[in-house]
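Accompanying notes for the structure given below.
Letters A, B, C, D, E and F mark the chains as written, and numbering starts fresh at 1 in each.
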């Protein structure tokens, strides 16, 4: 991270939802999404992160990018707690289709259904897609 | 087309297959694929063009991009004949799934099955994906 | 709260529409734009998916994107209303938030 | 003539693998690379598709891409052989042509 | 109403760059305020002045520059994404010892905080991407 | 054996840029000849020298330049695609009256005919893209 997080003193608190639907490494969206989350954490907004579809693969354990030469950002997910980003949701249906269990994930998450994601989304002001 | 087609005098004749699997306009692949076909025509190689999956949409009639402001390259397909590019194949299964009949297409094509495309592909030396 | 979901990918190529229909709640809307408009066309093998969700959701398609692709306003399913860019802006304003299901 | 088909997209997201399996003929090979390797993983809802084609086709997956995604060599289906970049080059050489089913 | 637009893809390759522009123009014409257009991921490539599109095609970069001038638009290119992809203004040129810059008129390079701020300050955020 | 590589996507956004490089390097190490690497579509964006990736990340552009120098590689950027996306060498700069250029060392801008020629001259062509 090259950026210095900026202070935001506006006093407005909004609910941000970051929706991750893509696999890591094949494209940069997962990595650059994480950069938004980290910078955004300095703004004291309410933040939820959702992993659904192939986004679930972003938080699989034991990722090791040394042989493809790209950046291994997957460890950064474990640092989110220090930034007070604690609301991580994973869609149950996406996990099931991919044969993934909670033990396979490298961060604590709340597993919820598609419908619960739909209802959760409705409670947010700003929804960013990655 | 900004480019001046180059003459190729090497004497080698190879079989080129251009495979178009993407819809037009949403991405540039269809348009830039056509530019390859036109430039390639000057090289006197054997050329087949295949439209399958959403690539079938590239040759739908009556495309009019004026309201989205992008280039309407769909008319160029009708010029292919002048370039002696005459082997245009469309996958039957892709047409059926999309409810498209031959009357909906703006160029004469040969409609063949997935299996026939598979066999045709095996007869080519260079297969370019768009 | 109501959400405007935009879908810009062909449902034959990508899973965006499927996901959108899975999470869009009663009272929300789906706007088909760019290659997403193929999902609104009548007479394809995917029509059942929209019909099933037609009671819960409102469907819109961007007219300029239909026209660019050689699709007339009559080519979309009955449950889909065609709008232009002005209509797109109005939909964004009328819903509480927008989610681009890329 | 035999063709090496490469698939670099997740079969959950895109239709590349499905198309590849539809057109790949007896004696050809399919190499899973990048996000395509998810299609080679055992225990997903899509395993049936590979099994059905296993008699006709040979399957390979790029090891470095599996590892990057937290997938061990044991996590792929039995019908899939894991190769590295050297193996990728060898596959290209051994087949008469390569088709990237993007 | 106060709107912000996020654009995640580069010019010409994806229609997202066109749709974001057409949407922004329509919103302005209807009297809405565009708080900011934020260019992220490959979207930063919309901000180079070095493009020379064919004469019979639209000029995507220049179109943004003109719209910015007419409506005093805030076109922000994400600094981290721009560094990866080679979009450079005078400051960045000096900071990284580059021998040229390529930022187009009306665009400025700034941090991801500008995206979060757009979310906080705007009534609606609309994302365009792949 | 004589191989050519086609790369259709830009650096960092898609892993295609990494896979093409890793494949090319492996082929060279095995003693194969790389007749040409052809950069098409957004792939032309691999040829800008203005990138400044984070220090803990790989330098995709520079990596190509170095490989080209070591192995006398022919890295060809498609002229038509480059014009749309703002990749410019000295000739293009003059021709279009631009005030800067951004081509990286070891890359050259040329026509689509170079792609066809690569197909004719090479024993195998391998495409990397999105």
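Keep this in mind: a residue touches a chain if its C-beta (ideal position, glycine included) is under 8 Å from a C-beta of that chain, and two chains touch if they have at least 3 such contacts.
None of these values were measured; they are calculated from a predicted model.
Common neighbours of chain A and chain E (chains touching each): C, F.
The fewest steps needed to get from chain B to chain E, moving only between touching chains, is 1. Ranked by how far their CA centres sit from the centre of chain B, the chains are topped by A. More inter-chain C-beta contacts link the pair A-D than the other of A-C and A-D. Put simply, the chain farthest from chain D by mean CA position is E. Superposition angle, chain C onto chain D, using Cα atoms only: 180 degrees, a multiple of 5 between 0 and 180.
Of all residue numbers seen at the chain E-chain F contact, over half occur in both copies; the interface is built from largely matching residues.
Chain B and chain F, compared by their mean Cα positions, are separated by 25 Å.
Rounded to whole angstrom units, the spacing between the C-alpha centres of chain D and chain E is 38. Measuring from the averaged C-alpha position of chain A to that of chain F gives a distance of 33 Å. Taking the mean of the C-alpha atoms as each chain's centre, chain A and chain B sit 40 Å apart. The residues of chain B that reach two or more other chains are 1-2, 25-28, 53, 68, 70, 125-127, 129, listed in rising order.
Multi-chain contact residues, meaning those touching two or more other chains, occur in chain E at positions 8, 12-13, 15, 19, 22, 41, 54, 57, 80, 83, 125, 127, 129-130.
Shown for chain D are the residues that touch two or more other chains, namely 8, 12-13, 15, 34-35, 64, 84, 97-98, 100, 102. Under the contact rule defined at the top, the touching pairs of chains are A-C, A-D, A-E, A-F, B-C, B-D, B-E, B-F, C-D, C-E, D-F, E-F.
Chain D meets chain F in the complex at residues 6, 8, 33-35, 64, 84-86, 88-90, 92-93, 97-98, 100, 102. Residue ranges of chain B in contact with chain C, taken from their complex: 22-27, 53-54, 57, 60-68, 70, 72, 74, 96-99, 104.
Chain F contributes residues 1, 3, 8, 15-16, 19, 22-23, 25-27, 29-30, 32, 124-130 to its touches with chain D in the complex. Chain E contributes residues 6, 8, 40-41, 79-81, 83, 111-113, 115-117, 119-121, 125, 127, 129 to its touches with chain A in the complex.
Chain contact summary for the complex, chain C toward chain B: residues 8-10, 12-13, 34-35, 38, 41-45, 63-65, 67-72, 84.
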